[in-house]
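Below are two complexes that have chain A in common, paired first with chain B and then with chain C.
Now for the complex of A and B:
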C-alpha cells in the first residue's frame, strides 16, 4: 500500500508474455530465413544478457568480460566436436562446464576487487583468453579459425525428423528453448535462499557478511552459474555459425551487448534483458538499418544514452516486480 | 560552571541534555554470568594514529555494557575490530574463551555475535520481511526448515514492532523504523552478543523513551548480552549496568555509570581539564 516500487506485472507474467512473443515471432516474420537468422542472434544475445544480469542485476557484480565465457564455451565445443568427434549435444554441456570452470579461474582472484576493478579484471581475462585462442594453434588453429564445425545433428522424435542443418526455424526454436532454460535457472535461483543471499550482497556486502552470508561464496556461485549459461550459449553459437575465430568468439560484442540489452530492458526484471535484446535487435533491423546502412550501430550508443538519462530503470524496470515476500499480509 | 572538580558539571550536562524528561527505571540486577567476550591489549593503528590503544575489558553473559567517549575516541573502530570488519594491529579477542581475531564477519555471526551499523544499512531492494528473513536464514549454520525460519522471522518482527510493515521497502520507512529494522536483522541471527552502534542517535526524546524498554527487553526476554555505543548519556546511564569510557583510543574508565560521572578522567575527557576551563 502506498508503495512506490509496487509492481504492475509479476515477474512470472512478464516472463510468460516475453516467451510467448518469442515463440510467435517466426510466424510474425512469416518464416523469412534472413529475419529468422537475425532473431536467432538476438535470442543468443538475450540468453547471455539474462545470464549476465544474474551476476549484475541480482548479485550486484558488473562484468565487462562475458565474452571470455562465451568464447570458452564456443571453443570447447568446437574443439571437442571437430578434433575428437564428440556429439555436438555433449559439446553444449562441455561448453557450459568449461565456461563455469573458466569463471572460477578469474573469479577467485577477482572477487578480492570491488565494483569497476572487478569489472576490469574480467575484461582483462577476456583479452587473455582471446590471445590464448590466437596462439594455441595446435588446439584452436589460431587466427585461421575452426571451419566446418558440425551443426547439431538431426533429432528424430517418432516419425518427426528435426533437422538443424537445413532450417533456420528449427535453430530458432532450439535457441528459444535454451534461452528459456537459462531464464528458468535464473528465476528459480533468485527465489531460493541463495538468491536471497545474492540480493543481500547486492544491497550491501558488509552488512550481508554481518548477518552471516558468506559473501565470497555467494558471488562465486552467481558468477559460475552466469558463466556456465553463457558458455552453453557460446557452444550453441559455434554449431549454429559453424565457423569460429578468436575475433568472433571473443568479440567485445559479447561483453558489451549483454550490458546494453540489460540496461535497455531493465535489470530489476529477470526477463528484462531478453526484452531488451529483442527490442534493440528489432530497432536496429527495421529502423536504423533502413535509414543508415553504414554506421547503424552508432545508434546503440545513442539509444543507450537516451535510456540511461530518461529511463534509468529500463523498459520493464518499474513495471515488473519481484514477488515480494510479506507483501500479501 | 567554572569549577568542575567535583563532577557537578557532568551531572548538569547529563541532566540538562534533553529538555524532555526521559524516565528510566534504575537497573538493579547485577550480572554474574561467565565471561562472554574478552579483549586483551587490543590495538588498532592507522599509520601513526592510534585509534584503539591496548584496550582490555570483559563482557559477562547477560550484561548490558555501554561504550561512551567523545567524538573520535575510537568507539566505532573498537566495534569494527570486535566484529571482524577491521583487522587489529595487535592484541587478542576471546569470544566464549575462543580467540576470534582474524575470523570473517559471517563466521563471527555464526558463532553468535551480531552488530548494527551507526548509519543504518538495510537492503533497499528487499522488503522488511526479506531483510529479516535473510538474517534468519544465514545467521546460523546448519539447515533449518522453512517453517522454523518463518516463525523466527514472525517473532522478531513482532518483538521489534515491525510486523505491520513487513511488506514495505526500507526507503519508505521512518528513521526510528529503520533503526528497528537494523536491530531486527541483527536479532534474527539469534546472537548471544549484540553490538549496537548508536541505535538511538537521530531519534527524538519520545522515540528514545520508547526504544529503551525495547533494548532492555532484548536483554531480559531474549537473554542477549549487549554491548552498546551511545552518545546519549542519559539513555546509557539508565539502561547500562556498566560503562566503558574511551578517550583518544584509550580505555579511561570501566565501572558503574554512577561512578563514571564522579571520575576525574571522565570529566576531563568530556568537559576539558581545569586548566582549560
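Now for the complex of A and C:
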C-alpha cells in the first residue's frame, strides 16, 4: 500500500511538481479574477480530497458523505462569527474541531461493522446534517442562509498588509497554504506508526487485528483527522464565499468531488487527489461546461466509472484497491 | 389537538406508504442479497422508470399504470447495460470498488436526467386516482389502494419466482454457495447478470408509483437509495418478506413523526432507526448474523 517506489513518479517529485504548479498558477492565469476564483475552489476541493484520501487511500474506508463535515465546519464558523462575534481565525479552528466531533457521532456506531456499512451510514449522515441545517432555523437561519459572513480580517506583517477582502489572489495563496498544511498533516501521519497501522487496516482488518492493531481506534482516528481537516476547509469556504445555505454548504458536490479527484489523481499518492482536483476543475471549466450546461456533472460520474474499471491507478498512483484478492465477502 | 382519528389515519397512511417503500427498496435488497453488490445507482434506475411514465403521460396521455411494463423494461435495460459494460469487469475486486462504480453511474444518470428533463419536480398523478374514498372518517385515495396492491403483487411475485421457478432456484443456490452452484452446472456469471437486471426491473416498477404518489426529480434517486439501504439493513440481508415489515416500520414511524413532532423531521426517523439497528442488531430483524 505504501510502496511509493513502484509509483510512476515518487511522492516527493510529484509533490514538488504539484506545489510548483499551484504556486505558479495565478501567474499562468495572469491574475484573471474569474479563473483565479475557479482555482480557489479547486484548491479547497483539493484539500478536502487529500483529507478524504487519508481515510480512503491510506486507511481503506470510503466515505460518501464528506459534505457533512465540510458543512459542519462552514456553519460552525459562520454562526460563531456572525452571532457571537468570534474572530474568523478562531472560527477556522472551531470549524475543524466541530467537524472532527461530528465525525465521531457517525464513526463510532458505523465502524463497529465492516465493509460497506460505514460508507453508506455516512451517506445518510450527510443527508441528515443538511436536514438539520434546514430545520434548526434559530441557529442556521434555515433555507434563507447566513448572509454577510465576515471575511478573514486583514493580517499585518510588519509594514505588509494582507487584505483578504479585496484580492482573490491573496485568498488563493491562503487556501494554498491551508492545502499544504493538510497535506503535511496527512504526510507525517502516514509516516508515523499510526500511519502504518492504517495501512495494515487497509490491507485487511482481521490480519491487522491479529498483529495487535486496534482496528476500531485506528479507523476512528483516520476519520477524525480527515473530518477535522475538511471542517477547517469548510470554515475557510464560509469566509471566502461569505454566504452559506444548507444547499451550498452541504452540497453533494463536497461528497462526490473528493472521490472523483482522488480516483482520478491516484489514491496511493498522497498528493494525487490534489493533482486530480486541479485537472478535474480545469476539465470541467474548459471542456465539460461547453458541452452540457446544466448536466455537465454527468462527466464526473462517467469519469468515476471509467477510471475505476479501466485505470484504477489514476494519474499519479501505483495501485488502488489492493484488497482485491482474497477480499472477504 | 391530535384526535384519535388522525392517529389512526396517520397509522394507516404510514402502513400504505410502508408497503410502497418495500417495493422501492426491493431491487436494491434483491441485488445485495444475491449478487452481493450494493447498487448505489438503484434510485436512479427507479427515477428512470418514473420519467418514462412521465413521458408517456405527457406525450401520448398514457395512464402511468399502463406505463409500468415499459418503465420496468427500460430500467432493466439500463441495469443490464451497466452490468455488461462496467460491473462485470470489476465484479471480483473489492466491494468498495463496486460501491464507487455504482455511485458514479448514479451521478451520471442523475445529471443525464437533469439535462434531458430539467430540474423541475414532476408529478404524474391522474385525476380519477386522486379521488378520496372514505371509510368511517378515514380517507384513502384510489391511487393509494392501487399502488399498495401493485407493490404487494410485485413483492410476492418475486418471492414465488425465487422459490418456485427453476431460474429463481438457481439464483438462490448461487447466493447461498457460489462454488457449489457452479459445480452443479449453474452458470453463475449469467445468474449475476440476470439478478442485476431483475434488480433494475424491480426498481423501474417503483418509479411510476413514486411519481403518482409523490413526485420525481433528477436528484430524487440518491434519497431513494439511502432509504432502500436502511430498509435492507433493517429487514436483514436476504429476507424478502422481512422487507414488508421493515417498510411498514419505517412508513408508520415517519407518519407518526409527522403527526406528533414536525413534518420536517420525518426524514430523521429513518436515520435514527438506522443508527439504532447498527448498534443493537446489525444483522437486521430477520437476517442471518453478520
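The rule is short, and it goes like this: the second predicted complex is superposed on the first by the 306 of 329 C-alpha atoms of A that agree within 3 Å, B and C clash if a C-alpha of one lies under 4 Å from a C-alpha of the other, contacts with A are read in each partner's own complex, and residues count from 1 in each chain.
Heads up, the rule we're going with is that a residue touches a chain if its C-beta (ideal position, glycine included) is under 8 Å from a C-beta of that chain, and two chains touch if they have at least 3 such contacts.
Predicted model only: the values in this text are computed from it and were never measured.
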| item | value |
| --- | --- |
| Which of chain B and chain C A:206 touches, first, second, both or neither | first |
| Partner chain in contact with A:257 - chain B first, chain C second, else both or neither | neither |
| First (chain B), second (chain C), both or neither touched by A:110 | second |
| First (chain B), second (chain C), both or neither touched by A:134 | second |
| Contacts of A:233 with chain B and chain C, given as first, second, both or neither | neither |
| Touched partner set for A:214, first chain B, second chain C, both or neither | first |
| Partner chain in contact with A:300 - chain B first, chain C second, else both or neither | second |
| When both partners are placed on the shared chain, which of chain B and chain C touches more of chain A | C |
| Common interface residues of chain A - those touching chain B in one complex and chain C in the other | 324, 327, 329 |
| Contact set on chain A toward chain B in their complex | 2-5, 193, 196-197, 199-200, 202-204, 206-215, 268, 324-329 |
| Of chain A, residues touching chain C in the complex | 60, 62, 64, 109-110, 112-117, 119-121, 123-125, 127-128, 131, 134-135, 252, 256, 259-260, 263, 292, 294-298, 300-305, 308-309, 312, 320-321, 323-324, 327, 329 |
| Of all residues in chain C, those that touch chain A in their complex | 36, 38, 40, 86, 89-90, 92-97, 99-101, 103-116, 118-119, 222-223, 226, 229-230, 233, 262, 264-265, 267-268, 270-271, 274-275, 278-279, 282, 290 |
| Residue ranges of chain B in contact with chain A within the complex | 83, 85, 104-106, 109-110, 114-115, 117, 121-130, 133-135, 137-141, 166-169, 172, 185-186, 188-189 |
